[in-house]
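Two complexes follow with subunit A in common, the first pairing it with subunit B and the second with subunit C.
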Partner chain A sequence: MKQMNWKELPHAGTILDAGNADGYETGSWRSFKPRWIEENCIQCLFCWIYCPDTSVTVKDEKMTGFDYKHCKGCGVCAVECPGKKGNKAIVMEEEGK
Partner chain B sequence: MSTTTKEKPVTLKTLTNKQDLLSGGHRMCAGCGAPTVVRQVLLAIDEPVVISNATGCLEVSTCLFPYTAWRVPWMHSAFENAAATASGIETMYRALRKKGKIKKNMKFIAFGGDGGTYDIGFQALSGAMERGHQLLYICYDNGAYMNTGIQRSSATPFGANTTTCPAGSKIPGKLQKRKDLTRIMAAHNVAYAAQASPHNWRDLMTKVKKALASDGPAYMGIVAPCNRGWRTQTDDSILLSRLAVETCYWPLYEVENGTWTINYDPKDKKKPITEWIKPQGRFKHLFAPGNEWMLEKFQQIVDEDWESLKKLQGTFGR
Partner chain C sequence: MTTATKTKMQAVTGNQAVAEALRQIDPDVIAAYPITPSTEIMQRFSEFVSNGKVETELILVESEHSAMSACIGASAAGGRVATATSAQGLALMWEMLHIASGYRLPIMISLVNRALSAPLNIHGDHSDGMGARDTGWIQLYSENAQEAYDNSVMAYRIAEHVDVRLPIMVCMDGFIISHSIESMQFLEDEDVKKFVGEHKQIDPLLDFDNPKSIGALVLPDYYMEHKRAQHEATTKVKQVVLNVSAEFGKKFGRDYGLFETYRLEDAEVVLVALNSAAGTIKDEVDRYREKGVKAGLLKPRLFRPFPYDEVGDALKNAKAVCVMDRADSYGGHGPLFMEVASALYPHRQGPALFNKVYGLGGRDLMPHHVDQVLDETIEVAKTGAVKMIKEYITVRN
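Coming up: the complex of A and B.
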């Protein structure tokens, strides 16, 4: 993301653009990447409620995948995913493989 | 689980329609429990809310000037005074409301880590509770001063290895048991005091709603695993918060206007404390030969606290 110069910085330690950290990409921290296997997904949404990085995407009350711009690859979603008949709907895979 | 709210129970499906009020892009460590706690707290609230945040991991890592992950009004506080900051904001709100300058019903929350709450911020917290401000203080409890490199706090569990009570040839980690702050808050006769855990999101959110609806000050202690300080994996924060509850290290309970309720009683399924501490590197030395007494003592501490909590429920329960 583009760094602000001193003329652009807000005054007196205020930040008026609430949630602007959204522009910062923490996805580059990842060494493992979650992969969604849709056919094993029971839409329990546990991944969504437990993700520390607001990185499980939802639409129309359903899990739709991951926000890889922010996901740090912690693996919490994969651990908590119950999957279908013991088959996980989220698996962690090494980056760059 | 016994809860008394008459509202329809929240479901994850309907919650997904709400905007997440903590954005991605914050710099808490991968797999940290604290941002999950914050997301759940914010998702539980329907009214406009103002936050004050004590210095600590959550504060420094969610707001690196000029960027913030918070989509609600949020104020930085020093390490020791988040409760005083929230008291001031709440008092200003009441004054402006009296003058008719604010019409909305607003809520106020202070967040602090356990160092900022149990130790250095304790005086400000105790004062805010005694003065009776209409605010909720939430301690996300990771059991040490994590942001400055894992120093012991009065919330650090017995036996844990920290940089200021290092397990070695002189001492085997922390020799004292943790301070029970939730009970100390209940002893302030606050309107609401409770313990929660992010693995049980429904219980946690119900408690936030109750705390904010109660007439008077409220306190919540929420366990928040820290993989850096606990020496664990990045993927087990929810698993470990669940085990903290299932071993009764971190019982889920609430005190509403003096009435004590245990929200989860594992009965004969209570797990041994070793199940919670075994995966944590900070307790590794407890399993070394010669330290068997520490495992026994830890179990004894947990059992005694749990039994005394049940007695409190028996005496002051419904």
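Coming up: the complex of A and C.
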């Protein structure tokens, strides 16, 4: 993307395009990646509540996976996941393995 | 030819004059944490609020840092916003001053100049204003109550101009002006209202159909572009100040420019000073003129952005110039001296230049002190030799 020069910047640097963080792919920052194990998931949605980057995808009130374009791999979801009978529904795996 | 209604002269304090200007402007929001010697501005303004004389929402906060923060929020939301402060109050705002200018918010501060601690002192000098020199705010300095009032009336027209959109400080000397009663002339409420006009914030946050963000993180790839754009806005200030002042002069009969020159045209011996000291210096310039000395004064009004070209042109033909600073830069020359020296750099064959620091912490500058400085400036004009570039006067040696 061509970078703007100082004359092209919006007044006071105001971001006029609301919600444009969506276009910034923070997923590339990740060194660990959450993996969803569906058979252990009780659909408590703790992961969705705790995710600081709204990167847990939900459809019809059910967890469906992750938005890997934005997930930074912080691992909060995996920590908070209660799993089923002691088996986690989210585990963190090193990227590139 | 003035078109406005003539009002009679009244005897008021500088603070009262500024409070009246604020009443007539009737800003949307004022957030304040009163501090000596600016306290009376907010004391009087809160009476206007209580008595229903203004529509302003007055927010009383717990510190000056919060006062400026509230001003920033209110201005970004879309309001016309003001506050008043002095010394430590301005110092505590320091972090937020940069935010206000970086967001290009046309907030006004009535700055009643007071010495910074330590040692603790409540009296007038310019160390607070000079400390905020590099915060990106426009600074107008005022010799007396009349000028403080007139500058306040003009402030929003300058700050809110679409080419500028920067915050502005209107400065006057603590106690010497803020608490002394002198005669001055107010404008009619209707005339001020018409002159100041409506405020329309660019990209206000209180605009739900057009959501937007301010204050985003900017990394090395863009920070410098933002700062360059901010500097550009300051380059537009001079012309706007001249235009607004010309309109003010035409309507109300009092003329202002980037600085005031007093008997400067053919002057060989020139003093440069801000604010109230200029009044004393004018009297002494008159006395020396009567003795046949070609003395003159340059009194900057717009200190930020500093009008280098114009000041350089105005001083280049003098033989000797003494710049008088009511603030110090420890280990440096006085802040006003540094600007004047920069302004004269393209005229290196011009006047001999030196610096006197005076009046710190409210120490009086008496006519005989000005005479000493004039006498030394005459001597420097004769010999071309400056003994000491920076020296303190009105101090016990």
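As a convention for this text, the second predicted complex is superposed on the first by the 87 of 97 C-alpha atoms of A that agree within 3 Å, B and C clash if a C-alpha of one lies under 4 Å from a C-alpha of the other, contacts with A are read in each partner's own complex, and residues count from 1 in each chain.
Assume a residue touches a chain if its C-beta (ideal position, glycine included) is under 8 Å from a C-beta of that chain, and two chains touch if they have at least 3 such contacts.
Keep in mind the model is a prediction, meaning the values are calculated, not measured.
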item	value
Touched partner set for A:39, first subunit B, second subunit C, both or neither	neither
Contacts of A:4 with subunit B and subunit C, given as first, second, both or neither	both
Touched partner set for A:69, first subunit B, second subunit C, both or neither	first
Touched partner set for A:78, first subunit B, second subunit C, both or neither	first
Partner chain(s) touched by A:54 [first = subunit B, second = subunit C, both, neither]	first
Partner touching more residues of subunit A, whether subunit B or subunit C	B
Touching both subunit C and subunit B, counted on subunit A across the two superposed complexes	4, 9-10, 13, 15, 18-19
Subunit B contact footprint on subunit A (complex, rising order)	4, 9-10, 13, 15, 17-26, 29-30, 44-46, 48-55, 58, 61-62, 67, 69-76, 78-80, 92
Complex contacts: residues of subunit C adjacent to subunit A	102-105, 165, 202-203, 210-214, 216, 218, 221-222, 224-226, 228-229, 232
Of subunit B, residues touching subunit A in the complex	12-17, 20-36, 39-40, 62-73, 76, 198, 201, 233-239
Residue numbers on subunit A that touch subunit C, as the complex places them	3-7, 9-16, 18-19
